[in-house]
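For reference, chains read A, B, C and D in written order, and residue numbers begin at 1 within each chain.
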Amino acid sequence: MSKYSVIGKRVHRVDGPEKVTGSAKYTFDIVLHNMLYGKILRSPYPHARIVNIDTSQAERLIGVKAVVTGKDTLGRKQSTWRRFPELCDEEILCRTKVRYIGDPVAAVAAIDEDTAEEALDLIEVEYELLPAVFDPMEAIKEEAPQIHEGVELNINVTRHIEWGDVDEAFKQCDYIREDHFKCSSQAHVCMETHCAVASFGYDSKLTIWTSTQSSYYIQALVADMLGLREGDVRVIKPHTGGGFGSKFELDSAQFCASLLSMKLCQPVKIVLSREEEFTATKRRTPMYYSVKLGAKKDGTMLAKEVRVITEGGAYTGMGATALYLTGFFSSFPYKYPNYRYDGYRAYTNTAPASAMRGFGAPQSTFVGESQIDMLAEDLGIDPIEIRRKNGMTPDYEVPGQAHIQSCGLHQCLDKIDEHIKERGELPPNRGIGVSAYGFMSGGIFNWFDTPYAFSAAIVRINIDGKVDLFTGACDIGQGSDTTLSMICAEELGVHLDDIRIHAADTGICPADLGAWGSRETLMNGNAVKMAAADAKRQLLEFAAAKLGANIVYDMDIKDQWVHMVDRPERGLSYFDIVKDTIRGRDGETIIGRGHYTPHRKGMISPAYSFGVQAAEVEVDTETGKYKLINVTTAHESGTVINPVGIEGQLEGAVMMAGGYGFCEDQPMDEGKILNPSIADYKLIRSLDMPETKILEVDTYEPEGPFGAKEAGEGLTNPTAGAIGNAVYKAVGVRINDLPITPEKVLKALKEKKQQAE
Amino acid sequence: MKKELRFTVNGQPYELYIKPKTILVEVLRAHLGLTGTKRGCDSSSCGACTVILNGMAVKSCSVLALQANGGEVLTVEGLAKGNELHPLQKAFLDHGAFQCGFCTSGMLMSSKALLDENPNPTKEQIKEGIDGNICRCTGYNSIIRALTGVVKGEYKEEK
Amino acid sequence: MLIEGKFTLRAPIQEVWDFLLAPGTLASCIPGAEKVEAIDDKTYESVVKQKVGPISVRLKFTTTLTDIDPPRHLKAIGRGADIGKAGIFTQETTVDLTKISKDEVEVSYSSNVSITGRLATFGERIMRAKAKTAGEEFTKNLQEKLKSRTAG
Amino acid sequence: MIRDFEYLTPKTLEEALTLLDKYGDECKVIAGGQSLLILMKQGLVAPEYLIDIKGITELNYIKSDAKEGLRIGALTPHRAIEKSPVVRNGFAVLAEMENRLASIQTRNWGTIGGNLCHGDPAGDPAPVLIALNANLKMASLKGERTTAIEDFFLDYFETALEPGELLTEIQVPVVPPHTGTVYIKFNVIESDLATVGVAVSITLGSSEGICQDVRIALGAAASTPVRAKQAEAVLRGKKITDNLLREAGQIASTEAEPISDIYASEEYRRELVKVLVKRVSREALARAKQA
């Protein structure tokens, strides 16, 4: 028998049949009896005081059932960083002041969407315009307008990380270079826009169906904002059309639909338009980097000093996490003996900048991997070699921060080295760029201040052997329902189709922090494995008695066969044991429970994945346009639970992270996003997509379920840097501000030519 | 002011009275309850609403429903025959050619239109065939592999 | 979006200044301005009609003179909302006069135009093109008015 | 939100023109609607009456004969042009251009006439048709008239169509012998609108390879699709060399009047015009030599 019978196999997704037949129901598809439709009025100004809102005309429009403004709220402010009251800065429905173009000021519920939209035009808002500031560098100046009361210099969050003696180390360096980078914004562009159906009934209980990455966060935040008990708020996540970091904060659709429903005792549905999705939901945090890097002649990196200012936008959201993590991951994946990071997040009058796949790590990886290539060139060292020299290894301690247990970085470097050598001599204007990366498997810091375990699961075994798995994990497309079902089946020794998963419904599932920070496989996987083991233990107790096994024999279940580990032929059918156990226990249901919170794993994460990526480009030197030809990734994520899932994560990351390097951007003018439609926001499509190749590297993570760790966001980290390095290899110009557009490449080529003349 | 719309959807004839401003995707979703077809943008850019109208892939968010009067529409709900999945659906399952699934219906309909017209497309033609559809999850390559599998005859339609 | 430029007029600086400040001079230079009405000595209201291809908008424009530093510097802020709620235009214009000689004045201007709302979504590409031509027309109008006025 | 409208479906051109005349400013015409519906959804265009002409079959055709050249009915979908054997054999550049226009879904439903009447300076068909020296036929109750396509575009999204007039036919004259025509658009994302598009048609006099005639048309390089006449003058009457091609590109880039927007700055667009005019002309020349 092979070691595993379920995990590591190429299986169909558990939600597959529904999704390929169009029968999967998303929040977007939900229609309830007596349901109303809501729309939200948003500020057209980046910074203004609300003098008066006159809703009377809108209320008189036939078909309009309710109009709410900030006055109808409890006036509370929230954020996911609720451990820190000073960071709870977002009212959602503004009461006195708007802080960006798109800030909500009123919401309408009507019999249909058209009527609701018509009503928005009838709401008269009187604004007193205030001076606004858009650039974070300007925002932190003395004379800048203050965006939040009491926040000096508009500095929202600061973060300092330091180890070793940085100043002393720089003195010992043979070579030091200092560079500046700008990392742009990026939109998540989930195919399903933010949406919610809220139903508050005469029983005073609220149910919300919503497209979310964390039903638990939404439950807790909605309850607090509306003055309800958490237990009276049930949040259900139907199938969800993508998240990528945009859907684990309380959003305007969820809040306004709930508020309107409470007022009317009728279900209210709000679906954000694509334009609202671009302008009034959160986005990737733009970052301005200054980095000083020092090394010995042989390429040993001794010290790194990083200063970052991030454009925070109007509110905190998850932007504080982005600031923390960009600081930590600026040291990745290398062993810097001396390191210093100072990060500042500035409020600006722009759409709030927050979490997007990888938090701040795609930014820090672009910066770090660009600079290490520059350093390697200056010192005359091969890019792979310098990464080998400094790269992290298993059992490495990041001083005061993290303990790295498994780490396959060096095997990944070997594989990419081989790949590049195989490609051989390239034609002119072609180049391969390399980028190494690492990422966390879920976050440790409890900024949400939850008293619950980070992950939990319940396994219930039915009389027929069918298993109901209850978990708060949120499948937003990444496939956690499948991965967790596989883990449950493997641990319990049954088949995948024996499992029925019930996920992300706070009414029936234990709390889980949700799908962010690449945490579900490791954290929820551990909880599921523990719950399954708990249920299995109950079965094995009966089996042992029935088989009359000597107590020195260990028992297990595999492939629905309950048996002695050392004498697998001696055993009983799983189905018989289930029946016997239930009968023998006075009919008590078999329930297994599991939970997981990382302990003694440092400040950041219980485990880290690593990889190296090589991007090959061909540059047209007359126009600056380049073609992404191939992206090859050597990746290690511990034991692979769901190989089809990992392929999908990796190839999808190339589309998204390649887009970050290649074309995606959110240009602004006076706080207004200039491309708020998919026609104007450029995304990689099938004709632009490069070939992708995956080189698997085996590792085993002791902290993860069956040795697994993350394989989601980390893959978004390397691509922009790999592209930048590839363009440099191809034509010798380096672009330090994202995205690397043809226009920037051409301009750099011309400057290079002029300098040569 | 409402007008009559007579057309067939997935082989079933319908007669409806609708406002002329109603776009096709709304008739399918709201009037007929066929919510498999999605809407992802307001600018005819994402392809999530793709259906086959009179044999051609169209974006049903950019066609007035009345323009389909007298026509034949095929949506994702019309692909499977009872509980027997269409070869494309099987291939999508095998190759993991979807994640969140929101673009999948449109992607399947573009794929179907492509293969109906050209049963032996090259890889470049497959890429062209789905270029009007955005997928934010998969990076397209698994979808291309799924279509390649169908083209190679690995997924036969049950007779 | 910023539109900047300068030109020279043959006229005494005070005369140019007085004309600039005269009710509605600035407001009436906005292309498509239909009627200009003075609310007080610093505020004007106007209705502006604009058309881009198939789209027509009628904007109710309020122009306020915010900085007045005679006879050298003038700042006006204009805000216009489409009557059909399609969008909101804001523009901030500064005009600086520099005396070159006794009756020669250099007029330099900069105008920052911004559009929000559905009009802006429709296409930054189109609206920007239109705003640019509208901005150019505005300054052309201003120049012509000043020239004809100061010549006469 | 689309505002309510009265929906009219004429079955003949005559009926359509009558309705157009009757409702004047209060109506809009929809064909495939691939551009108009987006504006209507935004509430930016809200006609009282919508005249749907897509069902007028008499305007959906592709005809070709040796004397008259190619005739395309205004309501012919892009995809029909792309796949038409007649077009592919005699006017390959048109099929190639259509193949790169937007997505298959849009090409299936959108029509060539609708595209031209939308008047987007970045549209693909216009530069190609200008290079091919096409004429447009328009009809109103007063009668018919024909204009050179390069005179059809007046400003951003403004065309020479008079009130009450419909575009009915695109006429492409017979391509002279030894002629090569090529269209290339530059964009970052393959299927996107052109950042700049260039179409060039070169006719060689005879075997000596003197450029007898040349037409260079630019898309997205001014407020309308335009001809780069000064650049044409560089090549006309000469034996084309690489130096001349470079010069033509250089001149065209000064002739163009592009704007800066979020996709490209004015300077970059000029640079693209320079490079593309050179490249496209070179390819057109190669085709002309083979023709």
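Just so it is clear, a contact is a pair of C-beta atoms (placed from the backbone, for glycine too) under 8 Å apart; a residue touches a chain by one contact, two chains touch by 3 or more.
Keep in mind that what you see is a predicted model, and the values were worked out from it rather than measured.
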Chain pair bearing the highest count of C-beta contacts: A-B
Interchain centroid distance [CA atoms averaged], chain A/chain D, Å: 44
Inter-chain centre distance, chain A versus chain C - centres from mean C-alpha coordinates, in Å: 47
Distance from chain B to chain A - Cα centre to Cα centre, in angstrom: 30
Computed distance of Cα centres, chain C from chain B, in Å: 50
Numbers and ranges of chain B residues touching at least 2 other chains: 42-44, 128, 131, 133
Contacts with two or more other chains, residues of chain D listed in rising order: 38, 42, 190-191, 262
Multi-partner residues of chain A (at least 2 other chains): 275, 674-675, 677, 680, 683, 685, 687
All pairs of touching chains, each written as two labels joined by a dash: A-B, A-C, A-D, B-D, C-D
Of chain B, residues touching chain D in the complex: 1, 3, 19-21, 23, 42-44, 47, 50, 53, 56-59, 62-64, 66-67, 110, 113-114, 128-129, 131-133
Of all residues in chain D, those that touch chain B in their complex: 2-7, 9, 30, 33-34, 37-38, 40-42, 50, 52, 54, 79, 99, 102-106, 108-109, 190-191
Parts of chain C lying in touch with chain D, wherever the complex brings them together: 52-55, 84-86, 118-119, 121-122, 124-126, 128-130, 132-133
Chain A - residues contacting chain B, complex: 12-13, 15-26, 28-29, 31, 188-193, 239-242, 244, 273-275, 476-479, 644-645, 647-648, 650-656, 677-679, 683, 685-687, 689, 691-692
Touch list for chain C against partner chain A, complex: 1, 85, 88, 112, 114, 116-117, 120-121, 123-125
